[in-house]
Structure formats: C-alpha cells, structure tokens
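Each of the next two complexes has subunit A plus one other chain: subunit B in the first, subunit C in the second.
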Partner chain A sequence: MGDVIYYNFAEQFSKNPGLRFRKLSDFSGEQFREEVLEPCFQNNTKIIINVDGVESSLGASFLSEAFGDVAVKYTKAKFDELISFKIDTPKGKVNYEEMLERVDEALKRQGKL
Partner chain B sequence: MLSKHKQIRQKRRKVWLRLLKAKNINKNFNRPKNYYDLKKYITRKRKILTRLNKHLGRSNHEKLEEPNRDIIHLDSHIDFEENIDTIVNLTKKVNKHIAKYVRFNFSVDHKKIESISVAGLLYLVSQISKITEAKFHDGAHHVIFNPEYGLKNDMRIRHLFDQIGYWRYFGIFKPPYAIDKSIEENYFLSIRTSTESEFNLLNDIKKFINNNVDILKSDYKIEYQFDDAIKEAMGNSLEHAYPNDFHEAGKIKDTWWICGHYDKINQAIELVFYDYGIGIRKSMNYNLGEDANIALFDRIKDASIFKSDADLIEMAINEGLSKYKNYLDHDRGKGFKRFKNFAKVSGFDCELTIVSNSGKYKMSYNASKDTEQVEKSKLSGDIDGMLITWKINLKMGA
Partner chain C sequence: MAAEESKAFSDYAAIWSPIVLSLGSLFVSWLAFNKAGQSSKEIFINSLRDKVKNTKHFILNLENKTYSQDDKMSILETIQDFLLYQGYKDEKEKFLNAYIKTDLSNLQEELEDIVGYILIQDDVSNNKLIAKSKLNIFFNQL
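Moving on, here comes the complex of A and B:
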C-alpha cells in the first residue's frame, strides 16, 4: 500500500457537496468518485477523509454515487482497507455511518453482501 | 394606457358606429368618402374576432369582466388542508387564462382572501409566474400593484404577504401596505426560487431555523437528515420533475421554490418545497419504463380500483420503486424516503405532506408514542407538479 492521504473535504473538494451526478450539480458524488476515490484505488493509496469543515452534509445520493460504486467495483475488503473517515466529531461520525449504509445498500443490490 | 394602434382602432370603431346610427335615422343619408373603407375594415375585424373565438372555444357572447382584462378572483381560504379544492380551482383558472386569454391583460383579485397557508401562498406565486412567463417569455413578471385588487384590511394577512416576500418576488419593492412591526409571533423565510441546486440557499434555510429554534443545533443527526431531505428535494426536482422534452406553457424548466415559517406562539416550524414539473405519475412512467404498467396500474388488494396518485406517493416513500427490475437505477427513487426520515428523526411531533397531480399523502408522526398515521386523499382535480411540506411541532416534543 502506498502513502496515506489526509483529505480535508471542505478545503480540497467543497464545503457544500452536491448531488449524485455532474449534470445535476457541481461537486457531485460522480465527480468525487472519479477525481478522488478512483485514483486512490488505482494507486492503492489509503485515504482518510475529514468532513468537519463542510457546511452541508454529504447527502445520501452523493454518498451512494461516490462510495457505493467503488465498493462494488473494487470489493468491500479493498474498500475497508483504503477508505476511512475522521470520526472523532459528530459530523464525521454521522457522515461516516451514513456512508457505510449507502455502501451496504449498493453491495446488497449487486448481491455482493 | 392604450397603444397608438389601439387608439386608432377605437377611433375607427367610434366613427363607424356614428355612421351606422346616422344611416339608420336618416333615410337620405349621404355616405361619406371613407364609408366603404370603414365598412371593409370593420368586416375584416369581425371575421378575425370570430375566427379567434372559434379557436379559443369561446362563444361570441362570452365577455371578460372588463374589456381586454381577465380577472382571476382568488378564493377566501387557500391551503392544502380542508380548502385544497381552492388550489385545484386556482390551477384551473390560471390554465384557462393561459389557454384563452393570454393575449389580454390580467389582474389577480386578492380582496376575498381571509386565510392562506404558506404552502398555498407559494403555490399562488408559482401560478402567477406561469401567467407572466406565458405572456412575456423573459423570466420577468412585469406586474404592478393595483390597490383595487389588493388585500383586505387584515393586518395578519398583509403581514404574511409582506414578510414572505410576495410583493418583492413580483418586483413590487415598495411595500403596498404599512406593516405593524410589533407583530412578532411569526417569522418567515422569504420565497426563494432557482433552476439549479443551490446549497447556499440550504445554508440560508438552516440559518433561518437556527435563528429561531435549536432543533438543528441539538443533534448533528437531525441536521444531517435535514440537509439530506432538502438536497433530495432539489435533486428530485432537477432530475425527475422536468424531463428533457419538458415543455408546458408558462413553465420554466427546472424551477423550484422554497419558503418557510416559524410560528412562535405555537412553536411550530414549517418548510415548503415546490416544483411545477410533471408530477409523480408521469415521473414514475419515465423512470419505470416497461414496468410502469405494473407499478402504476396494479390493482390494490381488496379493491377494484387502480392505484391513485396518493398511492404512488406512498409507494415512493416506502421504497416501493426499487422492486421493479427495470427501474432505471435501483438506488434511485429513494429520495422520498429521506423526506420521511427528516420528519421522524427530529424527535418532535411532525407532519409530512406531499401533494402531486390529484393525490395527497399526509404522514403524521407522534414522537412520544413513536407511531405514524397516514392519510391519503384524492383531489377534485390536478394540481401542477409536486409540493412537499414539513411541519414540526416543537411544543409537543418528546
């Protein structure tokens, strides 16, 4: 495994994450998946995401599109190995738990859980 | 102020009527030089009018209350509760105006209004916007305040219209009425509208709530569900309410509105989100593809009726869409569930109301008993698009 990336979501992506697709909003889940998560999986780099600075939360559509799809594509084991959140604040914890729910939903849907 | 062209037409018509009168009185009437020109002109105009009436399905005797002006009289009580029929009536009146009288001037008569809910007011705004857009096609409203059709002398109603930004929304920036500033039991999030996702707006809404109550500050889970519900409502409008081929007279694609109200005395907070898109039934049709027939026209158990619009809303809320194998993306269509999540996670008694097409779904959640009660009803006609209302009763909190 390569380096660990400490990713400040609010500073490096957006304080206000968008909706599911690029066509619906800026800073969408689709954009986050393609620009941030996919490279991590391709380079086998662990990423720790800090969402403390966001003004509005990472909505269900965003999480599902960004995280659900990569979990399906690269397996849950790989996902758990590479993706984590800073969860020592309520904001980090709640967004992380919601993300896990969306990932489980995506895996179930594909019969991979 | 009449246009120059119209003034000439009126003058010609007057001259013609005078000539006709003179001709009828005087058998030895001498036709002036312009008599035949005028006759030809009047005959041509009459033919045009007859053709126009035929095209509009209007009888030759049907007259507007005022020449060249269609007046839309608003009902005395406008809301999505007991008086929901007034919403249907308003839609019919506006659609009739757009179909038949869009070339004429129009006035909206507010005189009768005795009560109007925030949701009713938002719907009224959307309907007037439809008329102005059908007339001018430029996104601007071009309306002026006419005291003759203004609000009655009721400070409560005048305060509501002022504070929610009704006049400002239509470009009437000078408040038409003096408002008693001492009325402080109601706070409003003024009407906002957009055609794209606006997350700064979401933050403004949160500021409005946080300025009045602590509900979002108390637990981040509640704030999360709130963000999620509003984002899903925006996403639902942008993604499903206006398909690519959407084109309806007076409607601007992707438009949505939001407004809010905090009632300090009753400690209740209300948020209303609305779009005038295609509504639940057509939206599901688009998304379900070949499964639409199964989803929309399944017979309900123990009843020989087809699924109503209220049934479809309930189905969407309870994630009934993803069971259909051809649903475009099995994870989508869950946005409605988020609307319910926010209503329930707050820990207070609350109501979620969704109205679309001719169906109304209302879920009342009792926080202390952790029970929910659902009411579904059929309206007497269709409304435009979809309206979502969250009402949280902070007084009765668990």
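Moving on, here comes the complex of A and C:
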C-alpha cells in the first residue's frame, strides 16, 4: 500500500458538500468520488477523512454516490482497507456511521451484501 | 400443635410478605414504565407525522427560480432536519420497526435527489408530484 492521506474535507473540498451529481450542485458526491476517492483506489492509497470543519452534514445522496459507488466497484473488503474517517469527534463519528449505512445500502441494491 | 402451626405461619408470612410486596411494587413500576414508554412512542410518531407533512408542504411551496449554492444547501438542511437525518438515533431504534427505518433512510436519500432536480428547474411539477407521493406513502405507514 502507498502513503496514507490525511484529508481535511472542509479545507480541501468544501465546508458545504452538495448533492449527488455535478449537475445538481457544486461539490457533489460525484465530484468527490471522481477527484478524491477514485485516485486512492487506483493508487492503492489509504485515506483518513476529517469532516470536523464541515458546516452542514454530508447528505445521504452525497454519501451514497461518493462512497457507495466505489464500494460497489472495488469490493467492500478493499473499501474497508482504504477508506477511513477521523471519528474522535461526534461529527466525525455520526458521519462515518451514516456513510457506512449508505455503503451497505448501495451494496445491497447491487446484490453484493 | 396449634401454637406450632401458628408459629410456622408467622415464619412463613415473615419470609414471603416482603417478597410479595416487592414483586407487587415491581409490577406497579413496570406498568408505569410501560405506560410512559407507550406515550413516548406516540409522541415520537406524531412528531414524525407532522414533520413528514411539513416536508411535503415545504417542497410543494418551493419557488420556480434559480437557486444559489447556499440556497440549495439551506433547503437541503431543512429537509434533512424534517426527516430526522443523522438525528434521533435512539428514538428511531426504539420506536420504528426495521421496515420503517429502512423506508425512512431511503426516503431521505430519494428526496435529496428529487429536490435537487426541482432546484435546477428540471421537470418541477412532476418532481413535486413524485415527492408528494413518496411522502404520502411513508406517512401512511406510520
């Protein structure tokens, strides 16, 4: 595995993440998946995401599109190996748990869980 | 003989009376707890019903106009709050069955998409009807 990326979501992406698709809003889940998560899988790099500075929540559609799609594409085992959140704050923990639920739902929809 | 029987009864009563009283007290406490639990559930479900209705009215009243990114996020947050997104975890676990919990989770995600299309003025009237229909179906399950 390559280096570990410590990713500050609010500083490096947005304090106000948007909706599912680029056409629906800025800072979408689609954009985050393509620009941040896909390269991690392609380079086999672990990423630890810090969402503490995010002003609003990461929405359900954002999480599903960004994280659910890569879990479906690269398998849950690989996903668990590479994707992690900083979870020592309530915001980090809540968003991490929500993300895992959206990933499970995406995998179920594809018959992969 | 009678004195022995009387003493035996006294011993028996001395042992069992506190136990019976304790069990009775426990039962009364359980009844009170159960009644309070039911009330909490009713309050939570009624509140969720109101929030679902408010979500419907909020979406149906969205204006046909161009929304800024800040407007969109503010609208999104309002809908997330109405539908208990990332909140009330204990209450949802305690008062909603597995099917309704799943439906609520799906509703949160689907409505974000539908409202997203409304906010970019894509087939607004049809998307409002879809949102209304999904909210009505969920409301009737509660």
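Methods note: the second predicted complex is superposed on the first by the 113 of 113 C-alpha atoms of A that agree within 3 Å, B and C clash if a C-alpha of one lies under 4 Å from a C-alpha of the other, contacts with A are read in each partner's own complex, and residues count from 1 in each chain.
Keep this in mind: a residue touches a chain if its C-beta (ideal position, glycine included) is under 8 Å from a C-beta of that chain, and two chains touch if they have at least 3 such contacts.
Computed from a predicted model, the values in this text were never measured in an experiment.
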Worksheet item: Overlaying the two complexes on subunit A, which is it for subunit B and subunit C: clash or fit?
Response: clash
Discussion item. Contact-wise, after the overlay, does A:3 reach subunit B, subunit C, both or neither (first, second, both, neither)?
Written reply: neither
Practice prompt. State whether A:59 touches subunit B only (first), subunit C only (second), both chains, or neither.
Written response: both
Discussion item. On the A-aligned overlay, A:35 touches which partner chain: subunit B = first, subunit C = second, or both, or neither?
Written reply: neither
Worksheet entry | Contacts of A:90 with subunit B and subunit C, given as first, second, both or neither | first
Practice prompt. Identify the partner contact of A:80: answer first if only subunit B is touched, second if only subunit C is, both if each is, neither if none is.
Written response: neither
Discussion item. So in the superposed three-chain picture, is A:18 touching just subunit B, just subunit C, both, or none of them (first/second/both/neither)?
Written reply: both
Worksheet item: Once the shared chain is lined up, is A:101 touching subunit B (first), subunit C (second), both, or neither of them?
Response: second
Worksheet, complete the sentence: Overlap of subunit B and subunit C contacts on subunit A, residues 16, 18-21, 24-25, 56-57, 59-62, 64, 94-95, 98, 105
Discussion item. Going by the contact rule set out above, which residues of subunit B touch subunit A in the complex?
Written reply: 196-197, 199-200, 202-203, 206, 219-221, 223-224, 227-228, 231-232, 234-235, 238-239, 322, 330-332, 334-335, 338
Discussion item. Applying the document's contact rule, which stretches of subunit A touch subunit C when the two form their complex?
Written reply: 16, 18-21, 23-27, 56-57, 59-62, 64, 94-95, 98, 101-102, 105
Discussion item. Considering only the defined contacts, which subunit C positions touch subunit A in the complex?
Written reply: 69-70, 72-73, 76-77, 80, 85-86, 105-106, 108-109, 112-113, 116-117, 119-120
Fill in: subunit A - residues contacting subunit B, complex
16, 18-21, 24-25, 55-57, 59-62, 64, 68, 90-91, 94-95, 98, 105-106, 109
